[in-house]
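Dumping the structure here so I can ask a few things about it.
Per-chain residue numbering starts at 1, and chain names A, B, C, D and E are given in the order in which the chains are listed.
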Amino acid sequence: MTLVHFLLLLFLVVCAFFVGRTKDLISAVIVFSAYSLTMALLWQQLASPDVAITEAAIGSGVTTLLLFAAISRTRRME
Amino acid sequence: MITAHIMPLTILLPLVGAYLILLVGSKYRLFARNAALAITGATFAMVCYITYLVSSHGKMSYYLGGWAPPLGIELRADPITAFLLLTFASVSFFVVLFAYDILPGEIKGKVVTRYYALYLVLLGSLLGIVLSNDFFNIYVFLEISSIAAAALVAVNGDKLAMEASIKYLVMSTLGSGTVLMGIAGLYMVTGYLNLDFLAGALPQAYANYPLTVSMTLGMLTVGIAVKAALFPLHVWLPDAHGSAPTSSSAILSGLVVKVYIAVLLKLLYRVFPLDFLAAMPLQGSLLVMATLGIFIGSIMAIRQRDIKKMLAYSTVAQIGYVFLGIGLFSEKAMVGAIYHVFSHAVMKSMLFLSAGLLIKYSGKRTIEDLSGLGRIYPIPMVAFSVGALSMVGIPPLAGFMSKWYLGWGALEANQLPFLLVLLVSSLLNGFYYLPIVIGGFFKPAAVAIKEEKIPLGAQISLLVLIAATFFFGLFSNIPVNFLTPTVQGIFNAFGGGI
Amino acid sequence: MSDIIVRVVTRLMIPYLQLYGLYIILYGHNSPGGGFAGGTVIASSLILYVLAFGIDDEDLRLSPSVARIIESCGALAYVGIGLGGILLGANFLSNKAAGFPLGIPGRVFSGGTIVLLTVSIGLKVASTMITLFVNIAEKEGEEES
Amino acid sequence: MDNLFYAMVFIIFLTGFWIMLRQSNLIKKIIGMNIMESAIFLFLVAIGYVKEGSAPIAIDANPGLAYVNPLPSALILTGIVVSVSVTAFALGLTVRLYQHYGTMDVDEITRMRSEEL
Amino acid sequence: MRIALEVVTLIVIGALLLMVAQEMPAFGDPANPVHNEVSEFYLENTQEETGVQNVVAAIITDYRGFDTLGELTVLLTAIAGLLAVLRS
């Protein structure tokens, strides 16, 4: 494992913890989106471009949109 | 042509039926209803044909896409699989037949078509889980079944049911996540996903990576135990099964919980070698959890006043029996466990269906309000009584025979305390089932009951289920003789392929 | 949602997004990509359209019945191509074994059934994603046909 | 510390698991579910990785390179779509529950229900 | 109290997993069990057997096409379930 892998993984861990701590759902979703994009980068680093493209489109695209849509119909704070 | 491709076609038939129902759209309720009935009936017929082929030719394999394993996905049918398939297809057919005229009154308007589509998808995924011989394929079908099952709980729009459904969804996603982690671990140390190849490569892998293999086994067992509601991971079950619409409760309690047990059976008896399992603390924990589940499920059931909740807690207890049979690691107990999967599927679906019918006509859900209904509605009350007596384990009924084999297995494994567990729990079952039966026939009616005609489909399906309970109690040797050689093969070959 | 800049930029971007989605679907078997990613990109372009021009505008939305038909037909097409393998004398979902022409590797129409399957996946995924989004996002649940 | 990669993946997995079990807010639970599942997917892809490996595309054109195992990637593509489906369905349920109860907090909903009974 | 219990449980599980991670096949090692004849077959024969260049695409649509059918069914189930819940 290289330094790039390590840094990306560290970022993932920090994002995951932040999602657990924050009270604001919108910021949780934004952090989750960042998490997904980092995940896509990591997959690119692991030589799986197919998964990276799919994760970028589905994970950080559609899932985030769905979460935003649900929050817009409910409420923002926990 | 059908013979060669029977296995994929059996899985595809319900799935294609679901696609067609969704394609035609929610306006055509009659079409959805008839299509669901026809498709479940046809699936039942095809499963019967598979059983015939298996009983005459032995094991069958099918390579999807023509790729032999380990490259592609393999479907596999053997006597145990065929028996489970028969259970799933027959019970789901009779549930649809039962619901033919009743469902439109229970579920609002346009949701009915989607209900049938989800039902067929669920049936297809159950058949897929049982037939598939590839671990990742099993995972995909597991996910289909958990979404479809959660949707079938929530479909009514009732807020209690929705809350139960999301609890169920969260728990079963946790379970399947854990299962997938286990699958990843197995793939990591062996490099295969096909069950037979996994079994072949595992001894070597265990020699090299003992901790990883043990962790994998733990994760898979815990994940499946969550989905199969083994005590203490059963917390989602009573709400989900108690608040769902009648036919959903019947299929969820009768079949969906069982299919995870089928996965566990495949896992324990085909993938992991028995001597490895004996070295793990698996047997002890399975037995303890099963025993606790039997007692606590029964005690909680006694405390319930809502009849569907009571039946749901009874399912927790009955799942304990099946896990007990699996955990005893003996031939007769194994037969008993598989037989109990079948008999519980029949009894519990019959109980839920007749209870749903009685609730519909009396308008009350509590146990006291069911008294006196037996004189006005004999068929559902008789069905309920037969199911209840079979649950308690009264001799000529199917429930007795499965307990008999479980007890025999306990003797065979020299685990006498579990014989006592069986006896005491039967007594506990009697505590909560018998008062309903007695009250239903001999007490005066508690509430004013309107007299209505029971739809024909419901009558037929209840009568068939009653007959099946008697038949498979009296002639239990037919399925047992069908199953025994395979089970013996497992125990003789020490983990070599069911 | 009536910002003119958003609308103009959206209008400019959507054709390129859809072209990119189509590229990902059609070249999925020769370069990274495939039905899932491409379908989702197309769906995101439609979601962008919906977001920019308002979710309640009836004329602009993919009609529910069209979405429903595409969804079911995507899955049915997949099954149908699989059954084609059986009709040609091989197993379900067979490709080369059933005698589908494989073509020249690297071309768009190579790989026998793979292109067809990818396109049906792409259609299905695109319509599914847009339906999921619209149904979760829209304020009042009105009846669909 | 060759396997620090796996260890960190497990940490992410456990974080997701914890969010999913402990957070009472349903949206948080759903995000936790996604985090947990993508950690599993990361684990699977990491299993198939080879040092200095390249993506398994156009192999005949570049002989002699090391390639990563393509099977986990293919499984993950399936898994990602499964997880987005579960997410969508769970969000739909969340929205409906909010309409009924006015909250997305599971503990709160349980409390309200026990008061009703 | 409850939180302390949870934290302890998580730490125990985490420690177990970290211990297991130490023992797992080394990350990125080409000699790992996963790089067996199956992946070699996929890498070497995909172009002749399926006529496509992207091995992952060949696996999802050809070698393991049945998984993908299951996946389409998952999507369909999600939609049917979502609409059933939202419209009820």
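Keep in mind that, in the parts below, a residue touches a chain if its C-beta (ideal position, glycine included) is under 8 Å from a C-beta of that chain, and two chains touch if they have at least 3 such contacts.
Computed from a predicted structure; not experimentally measured.
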Set of chains adjacent to chain C and to chain E
A, B, D
What chains touch chain A and also chain B?
C, D, E
Chain pair with more C-beta contacts, A-C versus A-E:
A-C
Chain centre separation (chain D, chain E; CA means) in Å:
11
Rounded to a whole Å, what is the gap between the Cα centroids of chain C and chain D?
23
Any idea how many Å lie between the Cα centroids of chain B and chain D?
28
By the touch definition above, chain E meets two or more other chains at residues 17, 24, 27-28, 32, 34-35, 38-39, 42, 47, 53-54, 56-57, 60, 62-71, 73-79, 81-83, 85-87
Which positions in chain A touch two or more other chains at once?
1, 48-51, 54, 58, 62, 66, 69-70, 73
Residues of chain B touching at least two other chains
8, 15, 19, 22, 64-65, 110, 136, 140, 143, 147, 150-151, 154, 157, 162, 165, 187-188
So the complete set of touching chain pairs is A-C, A-D, A-E, B-C, B-D, B-E, C-D, C-E, D-E
Name, in rising order, each residue of chain A that touches chain C in their complex.
49-50, 52-54, 56-58, 61-62, 65-66, 69-70, 72-73
As the complex stands, chain E meets chain D at residues 6, 10, 13-14, 17-18, 21-22, 24, 26-30, 32, 34-35, 38-39, 42-44, 46-47, 53-56, 59-60, 63-64, 67-68, 70-71, 74-75, 77-78, 81-82, 85-86
Tell me, which parts of chain C touch chain B in their complex?
65, 68-69, 71-73, 75-76, 79, 85-86, 90-95, 97-98, 143-145
Enumerate the contact residues on chain A facing chain D in the complex.
1, 5-6, 9-10, 12-13, 16-17, 19-20, 25, 28-29, 32, 35-36, 39, 42-43, 46-51, 54-55, 58-59, 62-63, 66-67, 69-71, 73-75, 78
What part of chain D is in contact with chain E in the complex they form?
2-7, 10-11, 13-14, 18, 22, 46-51, 53, 56-61, 66-67, 69-75, 77-78, 81-82, 85-86, 88-89, 92-93, 95-96
